[in-house]
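Okay, got some structures for you below.
Both complexes shown next keep chain A, but they swap its partner, so chain B is in the first and chain C is in the second.
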Partner chain A sequence: MGRVDLTIEICGMSGDGTIAAGGLLNLAVSKAGFSVLAFDSYPAEIRGFGRCVTRSRFSDQELKALTDSTDVLISLDDEQSLSRVPFLSAGAVVLFDSNPPTPVEEAKSLAARLSPGMAVLGVPFRDLATRASGSPRGRNLTALGALAVILGLPEEHFEEVITAKFRPKGEKVLEANLKSFRAGCDHARRELAGRIREPLRPPARGEGPERVMLSGNLAIAQGALDAGLRSYYGYPITPATPIMEYLAKKLPEKGGRVVQMEDEISSIGAVLGSFFAGSRAMTATSGPGFALMTELITHGVMSETPAVIIDAQRGGPATGLPTKTEQSDLTAAVFGGPGDSPRIVIAPTDVTECYRYTVKSFQLAEKYQTPVIVLSDFYLDNRVENVVMPRATEEETADGNLYPDPAEAGRYRRFRLTETGISPRAIPGTEGFLFAATGLEHNERGIPNYDPDNHQKMSSKRLAKIQSALADLEEPVETGGGGEYDLGAVGWGSTWGSVQEAVDRAREEGLKVGALKVTSLYPLHADLVRSFMDRCAEVLIPELNLEGQLATLIGHLFCGDLHRLNRVTGVPIAPAVILDKIREILGKGQR
Partner chain B sequence: MKTPGKVLADKVKRIKDSKLFSVRSEALPTWCPGCGYFGIHYGINNAIQGLGLDHHRVVVVSGIGCAGRYPFFSNTYGLHTVHGRALPVATGVKLANPELTVFAVGGDGDGLGIGGGHIPHTARRDININYVLFDNSIYGLTKGQPSPSSPVGFKTKASPAGTTDQPLNATLMALAYRAGFVARLFAGDPEGIAAALKEGIRHQGFSFFHVYTSCVTFDKQFKTWENLKKRVRPLPGDYDPGDYKKAMDLVLSDDDSMGIIYRRS
Partner chain C sequence: MAEKHLVVIGNGPAGREAAAFLREADPDSRITIISREHRGHYQPRLLPRLIAGQMEAEELVRPGFDFYEERGIRLRLGQEVAGLDPERKVVVLGHREIIPFSGLIIAVGGRPRIPEPLLVFKDLMLTLKTMGQALVWQERLAEVEEVLIVGGDLTSLALVKALLALGKRIFFVFCQEAFWPLRCTPELLEGAAARLRARGVEVLEGRLRSLIQKPEGRLEAVLDRTRIQVGLVGAFFGLVPDVGFLARSGLQIERGILVDQHLNTGFEGVYAAGDCAQVFHPDLRDYWVSIGVDNASRLGRIAAANLMGGAERALVKPESIFSDQGVKANTSWWMEF
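Showing the complex of A and B:
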């Protein structure tokens, strides 16, 4: 990584302003010109007491993953922060409230648990905020002020983002927050002068395009908007709900509509109905809702009706872990449902791809007349990256439908067998092309038909059609320089960033390793995946599921036993964990 | 004297002259001879024809069951979905293109059993779709099991001792859900179905048509034609479908009068 690579955590109780402080920190650091990747974890329970942690990594290089070691911890609540101590790096800086409202027994204090090499800096957040603004409420900003001075981050960037956030709430609120922030800055300059570091230097990016803080969920929602979404049908479910909420605000401005349906079954039903009538529609859900959708998804396959489904995965099975991340819906997405029901499944690996893949899914759904499932996950949905705002091109959002030749009017065969398997699709309202689509097996005219030959032919048609989509799907991306590898790691979804970083670091250590990013999960570029794995003596697939669902999907393409690295801890897998596994497989100790 | 052949030829000529054939697809219905669905089919076709709707601007969305097969016998666009889900799919169709006249059709198992959860919400959203519930109180396509509207004591292979569950009254449900247009109709009166459908199609919002019909193959016990004919009668001439409370009272009184029960003005 680059010269600057810092992970900062803010930890407090809900109500401490933890998440707000984290958001401001990310924005200010982004303004300063660094890359930012951040991920908050918050309690599943809305009321009651819960620990909030924001985790931000920033660097002068592009970031694709979080680390699991923390360089700076801001503790807004020491009791909660104790749980973060094991993740502190050897020389970590810890900022804590030196005069908390309830004194902590020394043995139970945060300071007592820290290692000697750490810089433990007490700042009376509450007192300072109260003195400056008349209320302790701004203590989170006081903490940010102290942090800005100690790390040498430009204070004006913080003040800009604080102003942007609080001005809409009135000048009084804004003033109180700015005063609380400055109180932290002043205190640090006065009392912690010896601890102030060399100012962090951002990369020389020059006058690049502006960067925005974007979460995976908002990237998905904006991608759908830009792709010309007309109707969104959904049912509230964590972690997909923000997509519906964002669209509820934005879609009506573009003449579309958001309908909150009675369940996920009706959501996918309405999506199919809208696409059947020639209009772009989408639904987003998570595992439990996705499970309910499977029957109608296979109906989309059978009746050759397009649909776009976002499955924002979370810990499972059943209700599982609603606010924790996991990659355990892959098998369900690819194979879920009755019968042979090939559909398209794609999985973005970062926020920008969340946007691009969502845009792409509409054209794919239309062109191949099939449900398209975009697999994201809790981590990808909720992490924010400062990215150059992606913009879909006209070509990317163009109508993907293949309409019948007007000359066919009156003798239209909706499900005509063609070389590609794609049969021109008429839209209701078109004269001369009446047909009925059905979830029953049917002949070329759409009439139910159970003849042995017919089912064989039509099933093959539907599979061939989906296979032909490979031409339009992203190919796997290899990093590592090509040629032969002692080990190749394959990654998908939000875990890819950690895979890539682990492999980069392994290569810096002199290990002969490569990595392959797979984003098209079905259909699969089997030949390309095989040719990568053929060049690897060992293959490692890290995933956030218990048995290795990608490993199971592609394992048959490798002629040996591949290594699986599976975690179901509910948190992203850190690059260091993958790096350790690479070293272990290759028999190399840590350097 | 008319030979049976001549009688049939006359009937075919009459139907052809009515142009109803243009709404009927070439596919022959798979329903049993004597099935009430023929009457409903006639009623829907007659309404489409009578209102002069362009066939290519009509979409019939169905669920699963004998009634689910409807789209194949209709010379319109059709979408035969999965069990119980005609209403949400029809909602998607209508919202995507409000120019289309959209029907949802299905049986009592489809609509009151597996799909029962969708009726209240479709009524709440009040989107302009026309839902025709073919209620013969039996699962016919799976060869005769009791349905959510089967009367208590119904003996089938799946209920050899007779059913014990209370039957659902679809008209009462639609009223309770505040559907804006509720009609109760009889498959033995296709003209009545057509007349009510024409009104309901014109109604801007969700229209619910509860059609009493008979399964001639699997129900020899309760909803036979004979029994249904004894029960049904027209609404009183002075009946005012604009009065919600009276509509509720009527339906709660176990009365089986047929017609437009409620219409929100």
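Showing the complex of A and C:
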């Protein structure tokens, strides 16, 4: 049996249960032992109209990215699903409702658009669900039942996850959903017998740690909890809101608090205040909210106060595309704000890194007394992967503050100039360690001081301090075997997975290519990035922004012209798109 | 002005030929073939070779999808027509899609026929018309050694060769109506039986009276003077036009769709061709049906030509000769019996 690698889409209208069905599918497939990577796309509006799409890729291999080709489409609303047809693979399986409530015009028919190589499988979702449970609401579960049988996925896993989801809503609701699911299974066995595939076999993983379905947002929230977060201050905004929702449930259980502030300015203000007082705090926002925070972030830089800020990027500018993904806050995160205000900017590339980098951000903020910005994005926040649950060690969550020597009591200089730029930080209220903290330029004691030399020294101190953080920041990770490459691709954030898969596939085709993952965006391991690019005849940087913000940030490190691949379509760049670009640059035709 | 849309129901020899001809005659119109088959066009007569493992399923599907793409013909597979309104000029698919047409050619072919006395046993017998059915044969044959063939049409004779190649023990019960709607002469059947016996097939006398499901899936066949146990039973009694979906359409239907010598159904722009049509012969003042790929293709072309404004007649010689596997059928006339 060949490799299992399937991408399944469920498409419907808001309210069709599309996202719920996708979630159940992911859980069931994960229980069966496959690797899962999934991402939902839904409208900005709360309910009533708009297309919802879930994409789930599962495989017997570890997954790095979503593809842009769909192998199975479940259509819960044919009119909405029309837009998904161009993404169907040549031999795709399409399940749709064969008895919709009203007749369908040919011009609006999904079945009319499908290619002859596709398996067009009509299943009366609505009728089956109604007959089984008394209501058509369970049609999404009926569709899952048919899917499970056609793909040969273990039905018991679906029943387990359906039970776990609906039991809290009462036995009646659970029973209705189970009946709807089973009706789909029975129908497929009875009516689609000739279309049932050989059962998909999961990989033999052996006895290992249990995998859990985790989204980027939940990984960030759990990472913050495990890091000892005491206070969360925030203002709801897509796609960061789930972080606050999760913490609102969990943080009070640990004695912490979640406060919904009046806006993002007060949120970052409260975070700075908490850290100033020696208590770990965090806020999470997206582009528009991040813009509001900018001035106070630079206050944190000037006053050398720690802060942890999650910027869950979405399509911009301004309110932009709330439910679409983009990587266009990089420049703002690194350089945004008045004056020279160096801060730490890191960007996880997958769900596990969302956890690890959030944990790490607290120590970094404390040790380097600066705002730390964790750049995620809509795709990373909302995608789910089945991963071994990461757990922070005591060392990773330990207090990162560098406290002053008690002998300094009475003569404490809060902003003392040091070789690394790091000045031991006393927590306010420590006897003998009185100091002033201000957004004004100041001297070593914190007293406002506008002397030209002082500003030069203090600015240099703050920059040196951030540069010294390189010792604690992840180095770029190279894949490709080392040595010289005809082309090197550099990736960051959620795009890295696609870069990595594209480069892997290019290497399988015999192309001499490598890839570099950059997660520490500021300060930058410039020497290591340069070293990689020096070994590449061509360099390609795919990004989800229009002008190439990483390319601009690191372009000066490469002696030639960078190739940029920029997309602002609101969806992730698929590996195939990057692979095509690699082939194009290297003058290789598509295989 | 509304777009011209020519629809062909069926992707067998008649339907495929009709669509290709329509495209040649009309480069601009939208042409759609609707077929309930999930696979592309193939010749059912080759299915026994698939069963014998002498061909792969993919090899049977000819021409490939590029044939349709190159001609701009939209091929809709796995989609079944459930109704027709020839006056409003729309067909309705099983999933409630309404497709308007300017011209229509119905070429749905036939489905395996099981005579009335044996209908009660239909779930215990396999037939062979589609690739899906061939794949079921293939799967089931892996588990059984003895097969009973009842009837004896041309498909069954080709299947016997496949079963012999697979080393199966074969029992055969001939029936006079095996070539329905043709009636075989005793001489013809005896000749065929002799050929089969020469190949090691056990040809049994009498009629199949009953089938009894036994434990472990075996079947007991009760004949006039004997009983045998086998793993599989196949029923081969020719094809019956597959036109049940047209019952409420207003078209005239006997066993097939009644059409004039130009293959027109009596409704403007609606034609029928191939195994599903009963064609009027003005000299005989009666209807006839066609059998075989070549006849179906020819009728498909004639229907398309007439839909394009032609006036071709579907003429046949009263005694056309028809041969396969060394067995000759001497007529293609419609007969009642």
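FYI, the second predicted complex is superposed on the first by the 585 of 591 C-alpha atoms of A that agree within 3 Å, B and C clash if a C-alpha of one lies under 4 Å from a C-alpha of the other, contacts with A are read in each partner's own complex, and residues count from 1 in each chain.
Here is the rule we go by: contacts are C-beta pairs under 8 Å (C-beta built on N, C-alpha and C of every residue); 3 or more make two chains touch, one makes a residue touch a chain.
No experiment lies behind these values; they were computed from the predicted model shown.
In the superposed pair of complexes, A:V104 makes contact with chain C only, with no contact to chain B. Contact with chain B, but none with chain C, is seen for A:L434 once the two complexes are overlaid on the shared chain.
By the touch criterion stated above, A:M261 is placed in contact with chain B alone, chain C being left untouched. Looking at the superposed arrangement, the partner reaching more residues of chain A, out of chain B and chain C, is B. Residue contacts after overlaying the shared chain place A:R230 against chain B, while chain C stays out of touching range. Contacts of A:R425 after superposition on the shared chain: neither chain B nor chain C is touched.
Look at A:R356: by the touch rule set out above, it reaches neither chain B nor chain C. In the superposition on chain A, the residues of chain A contacted by chain B and by chain C do not overlap at all. Only residues 25, 27, 54-57, 59-61, 69, 71-72, 74-82, 85, 87-97, 99-100, 117-118, 120-121, 125 of chain B touch chain A when the two sit together in their complex. On the chain C side of its complex with chain A, the touching residues are 38, 40, 65, 68, 74-79, 92-100, 132, 135-136.
Within the complex formed with chain B, the residues of chain A that make contact are 230-231, 233, 257, 259, 261-263, 265-267, 269-279, 281, 295-296, 299, 303, 305, 428-440, 447-448. Those residues of chain A lying in contact with chain C across their complex are 96-100, 102-106, 109, 111-112, 114-117, 119-122, 194-195.
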